[in-house]
Amino acid sequence: MELWQVPLSFSRLRMFPFFDLAHYVASVLALKEQRGVVEVSIRSPLACWFSAMLYCFGGSVLSLLMLGEPPVAFLAKTINILLASSVWYLVFYCPEDIFCRCFSFLPLRLLVAGMKEVTRTWKITDGIAHADTVYKDAFLIMVAVGWARGAGGGLISNFEQLVRGVWKPETNELLQMSYPVKVTLIGAVLFTLQRRQYLPIAKHNLVFLYTIFLVVFKVKMILTRCSTSPLAPLEAAVGQMFFGSRKTPSKVKGESATSSNGSSVCDQPSEQHHEGAKKKQAKKTE
Amino acid sequence: MELWQVPLSFSRLRMFPFFDLAHYVASVLALKEQRGVVEVSIRSPLACWFSAMLYCFGGSVLSLLMLGEPPVAFLAKTINILLASSVWYLVFYCPEDIFCRCFSFLPLRLLVAGMKEVTRTWKITDGIAHADTVYKDAFLIMVAVGWARGAGGGLISNFEQLVRGVWKPETNELLQMSYPVKVTLIGAVLFTLQRRQYLPIAKHNLVFLYTIFLVVFKVKMILTRCSTSPLAPLEAAVGQMFFGSRKTPSKVKGESATSSNGSSVCDQPSEQHHEGAKKKQAKKTE
Amino acid sequence: MELWQVPLSFSRLRMFPFFDLAHYVASVLALKEQRGVVEVSIRSPLACWFSAMLYCFGGSVLSLLMLGEPPVAFLAKTINILLASSVWYLVFYCPEDIFCRCFSFLPLRLLVAGMKEVTRTWKITDGIAHADTVYKDAFLIMVAVGWARGAGGGLISNFEQLVRGVWKPETNELLQMSYPVKVTLIGAVLFTLQRRQYLPIAKHNLVFLYTIFLVVFKVKMILTRCSTSPLAPLEAAVGQMFFGSRKTPSKVKGESATSSNGSSVCDQPSEQHHEGAKKKQAKKTE
């Protein structure tokens, strides 16, 4: 295989079973880091399982709902459900927490996180292709479904929390978009433009470049333990150009400055940092 | 054209683009009057945009959901979305708020409000026709879908508010129906009865009379700055006859009495008055 | 008819109209026992009616939603809606509350409660059959739809409460499963296994035995005024075996012990007891 064939081969990669498995592991571990989940896993394994399924298959459920298809359809892929359920069981009920401890080993954590980001690209393109078969040439629907498919777990987080008895109406992923949700939206726009042939790039090259971008920044975020969004300058520019918002960019800049300089602030992994910020805000509004 | 032909010609009026545009303007301006929306528009333009789309297309979304069709289908009408998005942009981000100031000019405000009420009739009949093609002769489904299509923005207001981070579970449009929601319900019942040929009136005449009713009372409400519902006596009679409620009518009467006499109470437009009442109630329950 | 033919004849029993009627009566009476419903019935008969319909047809609505079919389809069975609406009217607006007083007569109450439990079996098997026609051989979907159809009113209780202006996010039927929801889940699993021919029992025999189980324990619960779940030992065993939870079984045992010994605790009917427990928990978290 020559070098220029790498993107093409990469774009033919199959997600099942290894990449899917990494997605389930990363998702369920992220769920376990949420406050109060361990108590829920003891009180009601069923609610915990359902929450875990929404973390793993939230994108499918949301995109099925949006396209008017049965939201239970995700349960039809029995093998995937069994895989995800096994991961859920091992994460929450493994004796002496062996499974979780394994995945706190940094190289393994990086591998899983990287592989999870690869599945994101595949989900976005799947969602866009699905929407395109249902609605021919409806640009906005393609973007919306691609976005929902790739970032579903985040977008339905309010209702996922409700399953666990948590309700935080004062925030949601539209009001305070997290980095994965933002980058998925950009990806959905890019892949839709590519599909409608507005971008002078072959699909497999875009898949390759976008995935490299996702993986590199995810790994960087874990290694530096900082949630500095690489999109902050772009957001600031767009915000200033279209919405005349002087507040937003300065705030974003300030945040990123703190994140990259103040190492005392950045001494925790990005998910916890993000979650911590949410908690603080929740407290303030309560 | 002779006089007796007016209703027929009127019923052939096309909503696109001018009446639709008036509906978008009136809806987005109503959204901007809600508490906290301007802050949301600065913090997260996307959440604000989504909220505005729910204000403009809430009826479509709700009726599509009720009929098991893809709720994203409303995004397929690209032209309408572009129109509504332009209105949203101008209302929220226009330099020096020129757009909003224009529409605080009373004659223009009356025109837009009147045209918006015209679209209501069209939506109700569209919804009923749509339901009739899916479920032959299901009276209740026709009423429900016609109502949802005409008053959708109100009926889903709890979830529209959730997009903006606001959650008021203690009230909803079923518990405290506002005048537009009530009058749309009556319209949905009348048009369904007409369609099933229980009413001795031609469709175009009913369309004409109902729209005149809607527009006249809307204009009167804006001019008198009072939210006196013309339906209060009807409600009182029905409440007393069927539900033996002596409380409800007296309360409604009292409210309408205050509204028509106490000019100090009625010194704000109806939407704000209604919103103010909601806020008071929200405070009480908090 | 000989004795061995009883299950077969029983399984051919038609639910309409008498068993359906009993289901509506029991459901609407259970709704009226909820805190604050009587005030809602005075303030907004429409919200009260919609709440009652969700109590009566919640299972249909939820299973239709899950299978991507129009959730309003339940309104198409006009006769059933009229029956349920008549029951709702009589329960809430009957002069001097005659209707409710009749059904506080114990033998009548037992009859209605028993007949309601019979409809549960029919709903579970209907739901499973429906799911099987849409998704061939998808075990989990059959269980999920059967469960949703049989216990729908409970599973959507958070959203049913929202109609009445009540919001209790800290609890739901997945976090704290009530006995009817649990037993319906077990039934859905059993009937799905039977349908997939993993159980060495004919369908009519399983229907007969499961219904007998439901009715006997329901009657026992009403007579002893205790909500001791006959499933507690099973739960404890499963909890200890799979989820290593020493807390859960001890708590369940403790609860059942209190229920069977301490007669002072058990002096109220099971629904009220359950509701009372929920209220306490709600207070704690508020």
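By written order: A, B and C. Residues from 1 in each chain.
The criterion applied here is as follows: a contact is a pair of C-beta atoms (placed from the backbone, for glycine too) under 8 Å apart; a residue touches a chain by one contact, two chains touch by 3 or more.
Keep in mind that what you see is a predicted model, and the values were worked out from it rather than measured.
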Chain contact topology (line, ring, star, complete or other): complete
Same vs different contact residues, subunit A with subunit C, by half of numbers used: different
Distance between the centres, which are taken as Cα means, of subunit C and subunit A, whole angstrom: 37
Multi-chain contact sites of subunit B, meaning residues that touch two or more partners: 68-69, 167
Contacting residues of subunit A [partner subunit C, same complex]: 40-47, 50, 64, 68-73, 75-76, 78, 81, 93, 95, 162-167
Complex contact set, residues of subunit A against subunit B: 65-69, 131, 134-135, 138-141, 144-145, 158, 167, 169-172, 174-177, 239, 242-245, 247-248
